[in-house]
Every structure is written in C-alpha cells, then in structure tokens.
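Multiple structures are listed underneath, in structure tokens.
Both of the next two complexes hold chain A, though its partner changes from chain B to chain C.
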Partner chain A sequence: MIKILAVCGNGMGTSLVIKLKVKKFVEANNIKCQIDSCSLGQAKGFISQGVDIVLLSSQLASGLGTVPPRTHVLALKNLMDDKEFGPKILDIVEKNYPEDISK
Partner chain B sequence: MNLKEHLLSREAIALQVDAKDWKAAVKAGTDMLVKAGTIEPRYYEEIIQNTQELGPYYLLAPGLAMPHARPEGGVIENSFALVTLKEPVAFGDPDNDPIDILITLAARDAKTQNEEAIVQVVTLLDNEETIEKLRGAKTLDDIKILFEELD
Partner chain C sequence: MDFILSIFLAFINKFLGQPALLLGTITFIGYMLLGKKVYEALAGFIKAYVGFKILQVGTGGLVGTFRPIIDSLNAKYGITALVIDPYFGQTSATEALDVLGSLQYVGYVMLIAFALNIVYVAFRKQTKIRTLFITGHIMYQQSAVLLWAMYWVLGASGGNPASPLLVIIIGLLMGTYWSVASNLIIEATQEVTDGAGFTIGHQQMFGAWFAYKLGGFLGNKEHDVNHVESPGFLSILNDNVVANTLLMTLFIGVIMIILGPESFNYDTNKYFFGTYIFEQTALFAVYITVLQTGVRMFVAELTASFQGISDKLLKGSVPAVDCAVTFGFSPNAPTFGFIFGFFGQMIAILTLVALKSPVLIIAGFICLFFDNGTLAVFANKAGGRRAAAIIPFISGLIQVFGSALVLTVLKDSPHVVGWMGMIDWATLWAGSVLLADKLGIIVPILLIPLMMIIPQLQYRRHKETYFTTMRDN
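Let's turn to the complex of A and B:
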C-alpha cells in the first residue's frame, strides 16, 4: 500500500491541512493508502521507514534534505488546491501501485 | 469546539480591518483572543518570532492564512478569531501573497488542534464561494447569514 506523509514546521499546523485535503482526494479517487503527518524534524525518521510521497509547503522543501529514490517529494504552493497535488499523486499510484486503485 | 459558533459567541470577528503590514494583520486576530481571555499576549509574540525564523508557515492558499503557534506558546482556552482586511498585505510568500483572510487558531493541546480545530478551518475554507463571501462581508450580520447558510 502506498504511504503518504504530510510535513510542516511543527507537525501541527499546515501538515494537518495537507493531510485532510489528501485524504479527501484519495477517498474520492478510490485509492487505498496510509497518510501520516509530522514535523520537519520527524520527517527523516518516517522516510527511513519507507514513504512513497512526501507533501509539504514549497517554503519548507529545502529543509527536507536528500530522500531515497522511492520517495517522491511534492512541494506545494497552494495547500488547499487538490488540482495541484492530485494529478501527481494519481500518476505515482498508477505507475507504482496500480492494484491500490479500485475501479 | 465549533468554529462558527465560537467566532460569533466570542465576538472574535473583525471585518475590513486596516492593517499596515502582516504583523498588524496577525495582531488584529490575537488582540481579540487576548481580550476574550483565551490566549496570553505572548502568543502573538510567538507567532511573530516563528514567522521571522521559519517564514510564514501558516499560509494555506492564495489570500488565506491560519496564524497559530504551539499550545505551550500561551494558549489558555481553545479559540479562533476571524480577520478580513480592507487591503491585503504581503507575508513574504510570492505563491500566496497578498493575504486578506486570516483565521487565528489557538489550541490547548495537539490532539484538539489536530483532530478538531484544523478540520473545521479546512472545512470552512474549502469552498471558493464561502471565501468570496467572507471577503465581501461588511458586517457581523453578513457573517451570521453566511454561517447559517453553511449549516
């Protein structure tokens, strides 16, 4: 199952906003996934355990450092707009986890 | 912790505020909560200091901000404030500037913040039409009518 991680400065503000928006999007698109949220400081730990997609505000993206090849980083400008992140998530799921999309 | 009820009952709503810069815009929200007794004045300082260190980490989308700090930054009671600005101000983020709608968020603990408060803010702002109506609201009655329509 695809693992998604929403990240923000302290893990309590915008990462939750991203998580809610992503949850709504994946449910509407029948994608099975696990979504977590955390602070930038905790992100490395999560990513080392295997994360497919990291979403965070574009302002914080440089603070993430290097990630493994498995991990796609989506740096968002508008956190509320699923047109920005939606097609990218869909594309990654279709390429890597087609079985997790129920028709 | 119902966002709409809370804003109306606490009179934590300031519309068409004249704010000369982003700090004044943030302060318009925190001032109402200090007056209501739900945050300590240092909560404002926390937000300003964090912004200067990290950048405006609470901008959600073009025009929209959700200023907040951590619960230990001086939150007395879970609360929200709504501020709209007469003239939008820049927060220093070209992707989302200028900002003219702010929902100040103060939560006593992480659980409340995560599971209740932010859900309600996102639900309210997840609609272009609602945002336009907030932006256009001139009086408390405009907000009451809007909130009634949403319920």
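Let's turn to the complex of A and C:
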C-alpha cells in the first residue's frame, strides 16, 4: 500500500487540511493508501521509515533535505487544490504502483 | 424522583464534567451523525480521549519545567516572566481551569461557538456571514484561553466554577469572532491566493486585514518579497523542534544565568551549569511536542467530524483554515515576517526591562513565525517587501506590549505560564479582557452585536459580488 505524508511547519493545522483533501481525492479515485500528517521536524523520521509521496508547501520544500529514491516530494503552491496535487499523485501511482488502484 | 435526579447529576459531574470523556463523546456522536460505522466511531472516541490525556501530560510538563524558573525570578527580582506563544496561553488556560473545576466547559464553549457559526451561515442572507471555521486546534485553544481570561477577570478568584451563563456568553462571543473575522479576510485571502476559495481561520484575521489595507500605503507591491534571496541558514527555523529549542535556550537561558546556579537544585556531579540550562530549555521543545501530539490526535478526530458536518449542512460555505496554507503563495514572506517581527519584539522586551515592568515577556516561536509570517504574506501582496518588513516589525512591538498589559491582570492565575501573543489576541482580546476587568460582563455581551456590524458594512461595499466568492466544492 502506498504511504502518503502531509507536512507543514508545526504539524498541527495545515498538514491536517492537506491530509483531509488528499483523503477525499484518493477515495474518489479508488487509490489504496495510508495518509499521515506531521511537522517538518518530524518528517525525516517518517520518511526514513518509508514514505512514497510527501506533500508540503513550496515554502518548506528546501527544509526536507535529501530524501530516499522511493520518496516523491510534491512541493505545492495551493495546498487546498486537488487540481494541483491530484494529477501528480495519479501520475506517480500509475507509474509506480498500478496495483494500488482498484477498478 | 430524587433518585433519578441524583443519577442524572452524577452523570453530569462524572461523565460530561470530565473533559476527556466529553470530547470523546462529541467525536463519537459526530461520527455517528456522519453515518460512520460504530467501530469507527468507537476508535474516534478512544483517540480523542487518549489524545486529550497526552495533551495534559504536555501541559503539565511545561508548567513543571517553567514554573520553578518563574517563581525564583519572582522571588529574587519581583518580576513575572511569561511566554507569548499560543501553546503557553493554552497551557495557562487549561491548567487554571482544571484547578478551578471548569476545564470541561471548554468543550461546551467550542460546541456553542461552532453551532453559532453554522447558524450564522445558514442565515447568511441576514447575517452576511459566508465562512465556516474548521481549524480544530485553534478552536480548542481559543475557547480555552477566552474562557479562562474572561472567567478570571470576572470573579474566578471566589473559587467557584464558571457559571453556565458565562460559558454560554463566551461560546456565543467566540463563535461570533470566528464567523466575523474569517469572513472579513475573505477578499484579501482571495487576492493573496489567486482565488483559491478559502479564507483564514486562525489568530490574526483582523491583524492580516489591517496588514493588507495598510500595506499599500507603505510600499510598492511590484517590489515583491519573493524576488529577494533570503539567507539559507534561516531555513533551520522552519523546523519547529529546532526553533523552539533555540528560542527557549536564548531567552530562558539568559534568565537562568541571571538567577545563577545557586537558584537551581541540580546534581553538580552530573551537569555543568551550561548543560543543565540546555537540558531544561530543550525540555520546552519536548513538552510542546508532546502537547502537540495530543492535540493533533484529538483534533484530527474532531476536525474530520466538523468538516463532515459542514459538507453535509452547508454546501458552498467558504472554509476557514490554518494561516500557513497561504505560505505557499509567498514562500519568502514568512521568513521576512519572522526576522522583522523578532526585531520588533526584542525592542519591546528591552523597553519592558528598561521600564522595570512587573511583567517580562519571553518571545515564542509560533507567534514569531506564524503570526508575523502571515502578516508579511498579506502586507507583501499590497505593498511589497517594504510593507512586509514594516508591518511585522510594528506587530512585534504590539504583540509584546499588548500581551504584557493583559498579563498584568492574569499573572496571579494558578499555573500561569503565558498568553497567546498572536496579534488579534494582543489587541482585540487583550483589550476586551482588560475592559471586562473594569466594567464586568457587559463587555463580552456587547462585543457580540458590535462585531456583527462588520459583515454588514462589508456587504454594503460590494453587494453584487458579495456572495459570488462562495462556491461549491
């Protein structure tokens, strides 16, 4: 199952909003996945345990440092817009984890 | 009859009167109303309950670490040092309310406020309110702090729990603030985010509105802050654990050095004074992380059920979300806001020291970064980098002075460690609490209709397009 991580500065509000938005999107597109949210400070720990897609604000992207090859980082301008992150998530899933989309 | 009544009263005290059980129950009912399965609702109940208990470990830890330092500073110099940061404000509120047997009322304040927000939007033709506040952690925090502050100045010193009437008034006032303030900032947020369809539901809506309105007079919006290269080392401040520890080491470290090693009970075989200071100040980051883990756990459950309720009841209302959602649209502005807000706060703090103020303020991370960062985002949109520097600087001054003023009436509350500090809380709410201290309960009551005038004025300015910002999503 794909693991998605929503990240924001303090890990309280924004990452939760992204998480709820992404959840709505993946459910509508029948993608099987697990979604977590956390702060930038905690993100490295999550990522080292294996995360496939990280979503965060473009303002924070540089703070993530280098990530393992498995992890795709989506630095977003508008965190509330599934038109921005949606196609990117679909693209990654179709290319790498086609088995996680149930028809 | 008496028998039934006594069972009923016991249920109120031992169940609905227990904050963790109450929040768990609200989550459970919310999930059932949304048509989730019973086992999902049960999981929500447990996570809300456990999350709340974790939160209390964090607030207890913060108080336990910080109070001895406050007390010895007070004993030695007669100065009360307090932190301006929402988590310190929240800790002060919940610890004091717990001592005074009123912590469970925070849940009721939050529920009344949320329900009122729904009613306002449902009657939007009359109220002109278009926004629904769904930022769960802020809703809990503000409900706790406003209840605590008003209750304290309106006679908590008598030791009685908060009266139901006060709880209802604070709930209505809170809901009015959420509705009016997030509604006020819709148009500016649409500008900042190129029409992203959300608004801010946080702690600086009035502040951000002023920043946007004044920004245009202070600079040129063509000189955008995002065209400036910002120094790379500042990016470590984006990490909340690092930033909290550094700030606390800086401020509390200085205080501990002034107090000297003899003021603290530590094992000199184990520590240098320096490493002891670092351990103590790093503990702030530890307990804030614990506290946030707890809040995140119960708020995730609450927010999911709030959002579900709003999707069901109010199609097309504009969601009011966390301020940091705007940061992606102006990535450099938060750093700008942080730096200039920090200068402002430092000057204000040194002024307090020079004036021998009885309340000394310690700068907190959230206030510096998220509050002044948001103001910088809005100021930059209207007035470019000059506005994004000047406004956070002024805000830094106000955050310290406003908070110091309101803390003069709150500093004797049990376990107090700080105040919110965010700009709306250093102005509107600090002022209201101070006024309520002088004039009584009439102040929170009058504020409700006064604030409701604001959306009416907004509506008059652009009647034709006013409701078109609401969209279906």
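FYI, the second predicted complex is superposed on the first by the 103 of 103 C-alpha atoms of A that agree within 3 Å, B and C clash if a C-alpha of one lies under 4 Å from a C-alpha of the other, contacts with A are read in each partner's own complex, and residues count from 1 in each chain.
As a convention for this text, contacts are C-beta pairs under 8 Å (C-beta built on N, C-alpha and C of every residue); 3 or more make two chains touch, one makes a residue touch a chain.
Model, not experiment: these values are computed from the prediction.
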- Message: For A:L90, using the defined touch cut-off, is the partner it touches chain B, chain C, both, or neither? Pick first, second, both or neither.
- Response: neither
- Check the residue A:S39 against both partner chains and state whether it touches chain B (first), chain C (second), both, or neither. second
- Task: Using the touch criterion from the header, give the chain among chain B and chain C with more contacted residues in chain A.
- Result: C
- Query: Should A:G13 be classified as contacting the first partner (chain B), the second (chain C), both, or neither?
  - Reply: both
- Task: Would you sort A:S62 into first (chain B), second (chain C), both or neither based on which partner it touches?
- Result: second
- Once the two structures are superposed, pull the chain A residues common to the chain B and chain C interfaces. 8-10, 12-14, 16-17, 20, 37, 57-60, 77-81
- Query: Along chain A, where are the residues that touch chain C in the complex?
  - Reply: 8-14, 16-17, 19-20, 37, 39-42, 57-60, 62-63, 76-81
- Spell out the part of chain C that touches chain A in their complex, as residue ranges. 135-138, 193-194, 196-198, 202, 235-236, 238-242, 292, 295-296, 299-300, 303-304, 307, 321-325, 327-332, 334, 366, 369-370
- Query: What part of chain B is in contact with chain A in the complex they form?
  - Reply: 50, 54-62, 64, 66, 68, 70, 93, 95-96, 105, 110, 113-114, 118-119, 121-122, 125-126
- Using the touch definition up top, name the residues of chain A that touch chain B in the complex. 8-10, 12-14, 16-17, 20-21, 37, 57-60, 77-81
